[in-house]
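Paired with chain B in one complex and with chain C in the other, chain A is shared by the two complexes that follow.
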Partner chain A sequence: MSVLRRREIAILFYVVPMLFLVFEYFTGIGSESSSALIGWAIILSTFTYLIGGFAIFRLHILNIAKQKGEWPYSVILITSFALFLGLAYTYQPGYKWVLENVYTPLTIIMFGFVGFYAATALFRGARIRNFNAGLLIICAIFLMLYNAPIGEAMWPGFKTIGGWLKDVPNTGVMRAVTIGVAIGILATFVRALLGLETSYLGGK
Partner chain B sequence: MFVVGRRFELIVFVVICLTMYFFIERAKRGKVPEIRPLPALQALDEGVGRAVELGSSVHFTTGVSGLADAFAPQTIAGLAIMNKVAKVCGEYAIPMRYTACRSYMIPIAEDMIRSGYAFGGRPEMYSDDMVVYVGEAQTAFQAAVVSYLMDEKPAVNFMFGGVQAEAIQTLGAAAVAGCMQFAGTARMFYFPFILCLCDYSLIGEELFAAAAAVSGENIQLGTIRGQDVSKFLVLALLILGIILTTAGTALFKRLVGW
Partner chain C sequence: MAAEKKEKIIKISSVNQDRIIFLLLFLVIAIPMIVPLGLPVPISSTTSKFYDTVEGIQEGATVLWCTSMGFSIWYNTGPGEIATFRHIFRLVRERHIKFIVFAEGAEDAAIDRRIIAEHCDTSGLTYGEDYVDLGWIPGGEAALAGVVTDFQSTVETDYKGTPISQIPMLKDIKSGEEIDVFGFSSGSMIDRFMRQWAPFRKPILLNMIAIGVPLCMPYIEKGMVTAYINGQRGGAEYEKILGQLGMGSSFIDAQSMVHLYIIIMIIVVAVWSINRRKKGI
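Coming up: the complex of A and B.
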């Protein structure tokens, strides 16, 4: 195997910059180099858009060629892409118009759906599968009625109990989870440093 | 030499790293710790088995977070679990699909799924169509995944990593589509959605523990024991802080700000 294709080289590319960033954080030495390093990572990841562009075009051109499934949407996607790219370089007002009147409203619609899903997630999927799930749902009911003005109007206890749930057990658990997560991230750091965690390189 | 205010942080950082290293070395020498079985990992085969029974497929995603942001450790943990899922799919000859929102995830996912099918003895099952890239926008990702889940109705949906708002729609749509769901993240805001909508969950540090445990290698299990011991160290530090602060001394405050 070529030296450049060896796994150890790829691991070094991951580990050395990571150690440098840690060194810079604690010592303050090389802060400019550290910023440059982060900049390089962003530039390098931008090059991968080429892979993404190729993957999208391959998928949709094949869809059209084989008239697979909902292939008319593939035509719309490729046409929109070409139109958007063309406008960006040839006619800026048209580009801005598409951005403001087509892309932005579509994005807002998708985020609107998130709100809808979030509001209805409990009704759609929540099941009292075990004691913990039951406890979660009871707490969720109290917290919803604590946040909704109608809760206090129904029974003042909703405000007291909901507030206590939010400020006491919730804060404690949040802090415990934060500590656990930080230690988990450190564990991943150590595994990556020792070359034990290599999933970012693909399968093995 | 060291930045003021970060010296104590550095000591804690070094102590925790050395603790992890000690337990990894210990595991190498054969002292393998026993760990609590994680139900989500135990049920992984059952999930893929369900796909076999239904003659359906498996969907996996790490969400919109990638390897170049603050959630990279969570994405790495998600990829470690995906490595295992790909192998199980290869063993059971079940089609798997990965939806990517970051272009650099394409070769990683392709390689992982390809090697998973090769591991399962079915390299011919792999095709490049198994990794679908939907663009860098979160909204495009949401639309594509929800559409796929509602149309194709895969038997199982896996979502592990530093998930963001897309998790709400993805998990909601998969629940409506009747998928068996496995999900995990260390992002607290999404815990309730995962707990409500998924059959098996890995929340907080469980995600990192699962990433180590999923390989089944003894050395990796050492880090899990290291994590547990580190938690005790932090707890001891907290108790010390409470005692010193309650006693009215500013020693702990000065130490933290050192």
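Coming up: the complex of A and C.
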């Protein structure tokens, strides 16, 4: 196997900059190089968009060529993609028109659908099967009325109780979650340092 | 055969249930928008604190704002974003505050441009001297880190492609130390912003989607987030404080009615399920 294709080389590329960034954060030594490294990360992340674009084109052009599955949708996707990209670089008013009159309403509608589906899911799922389920639903009602002005207009207590639920039990739980996430990140960092974290190399 | 027919009836009725729920939800949203109910919108202490924090920005200070919401949650966080920008632009005029805006995504860059062009009064202000729009800085958390560690290397041009060396108000910005107030909008977890910006110990403003506020509570409670806007309701309150009613105020009645509708549905389902259990079904 070529030296450059060895696993250890890839791990080194991952671990050394990471250690350097940690070193710089705590000591302040090598801040210019650290900034350069962050700059490289930004540049690399920009390339991921190129890779994403290429992957979309490849997949859908193959779909069209083989007339596989619902290939007419691939035609629509490729056409829209090319049109939007082309407009962005050649005709700004057209790009703005598509963005405001096609893209924006569509994304808002997609998010709006969630509300409708959540309503039906709630209708089927909000059943009080035991004490805990009942408690959850009561808390949800108080929090909803806390968040909407109508709650306070109906009874000022909704604001007090809803606010307490948000500020006390919720904050306690979210603190635990935040600390848990931080410990998880730290554990992943240590695993990466030891070369055990290999998902970025295609491992599991 | 009879069982099959019964099953079919149940299936049809289930579809009809969905239709009824959808139709009622649609009406509950649409009617208050056509015929406003005029429900009172009391100003919460959180929105007051946000207003006071912005109002307290000192003469000549530099504000860095990152938009990170996307169009999908525009109706939730948009009102707060517009109100914040309007307020800051007013201070740019009155107190010569420098306002730097950038976006975390391509959509967010379009949102910034739209808000500045359509909702903010920029008359008498000079682009590049009083405010600047840097557009989309790709890279996620790396970009957030970059703008506060080495601004000049991370940001090369504004959204128009003008090199930042030619933008007067950015000449002295080297890192987060030169920023007096940070701010951002978000529709998801805010941890990345806190990791990169909180160490500077400067005021941090947040315009958050309502559903995400509980997730941010540890940062809010500890004062790492100085003040926040609670989604659409916070936006409507902020509009009211500023005396410039807009999108948030128009939709707040609909929001109240939707919440009430959902609560009524929860109660109906709960009573129905308790009855069924009592009957042993």
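We take it that the second predicted complex is superposed on the first by the 130 of 204 C-alpha atoms of A that agree within 3 Å, B and C clash if a C-alpha of one lies under 4 Å from a C-alpha of the other, contacts with A are read in each partner's own complex, and residues count from 1 in each chain.
Please note the rule applied: contacts are C-beta pairs under 8 Å (C-beta built on N, C-alpha and C of every residue); 3 or more make two chains touch, one makes a residue touch a chain.
Quick caveat: nothing in here was measured; it's all calculated off a predicted structure.
Once chain A of one complex is fitted onto chain A of the other, the partner contacts of A:42 extend to both chain B and chain C. Of the two partner chains placed by the overlay, neither chain B nor chain C lies in contact with A:76.
When the shared chain is aligned, chain C comes close enough to touch A:149, but chain B does not. Chain A has more of its residues touched by B than by the other of chain B and chain C.
By the touch criterion defined above, A:167 reaches chain C but does not reach chain B.
Of the two partner chains placed by the overlay, only chain C lies in contact with A:34; chain B stays clear of it.
When both complexes are overlaid on chain A, the residue A:111 reaches chain B and chain C alike. When the shared chain is aligned, chain C comes close enough to touch A:141, but chain B does not. In the superposed pair of complexes, A:120 makes contact with chain B and with chain C alike. Look at A:99: by the touch rule set out above, it reaches chain C but stays clear of chain B.
In the three-chain superposition model, chain A touches both chain B and chain C at residues 41-42, 45, 49, 107, 110-111, 120, 122, 126, 129, 137, 140, 174, 178, 181.
Against chain C, the residues of chain A that register as touching in their complex are 31-32, 34-36, 38-39, 41-42, 45-46, 49, 99-100, 103-104, 107-108, 110-111, 115-116, 119-120, 122-123, 126-129, 134, 137, 140-141, 144-145, 147-153, 166-167, 170-171, 174-175, 178, 181. Those residues of chain A that touch chain B in the shared complex are 22, 25-29, 41-42, 45, 48-53, 55-56, 58-59, 106-107, 110-111, 113-114, 117-118, 120-122, 124-126, 129, 132-133, 136-137, 140, 174, 177-181, 183-192, 194, 196-197, 199-204. Residues of chain B touching chain A in their complex: 1-3, 6, 9-10, 13, 16-17, 20-21, 24, 66-68, 73, 75-77, 79-80, 82-83, 86, 102-104, 106-108, 110-116, 119, 128-129, 131-137, 139, 142-143, 146, 165-166, 168-169, 171-173, 175-176, 186, 188, 191-193, 195-197, 199, 203-205, 207-209, 211-212, 217, 219-220, 223-224, 226-227, 230-231, 234.
Only residues 17-18, 21-22, 25, 39-42, 70-75, 107, 110, 114, 137-140, 142-143, 145-146, 149-150, 153-154, 191, 210, 213-218, 221, 230-231, 233, 236, 252, 255-260, 262-263, 265-266, 269-270, 273-274, 277 of chain C touch chain A when the two sit together in their complex.
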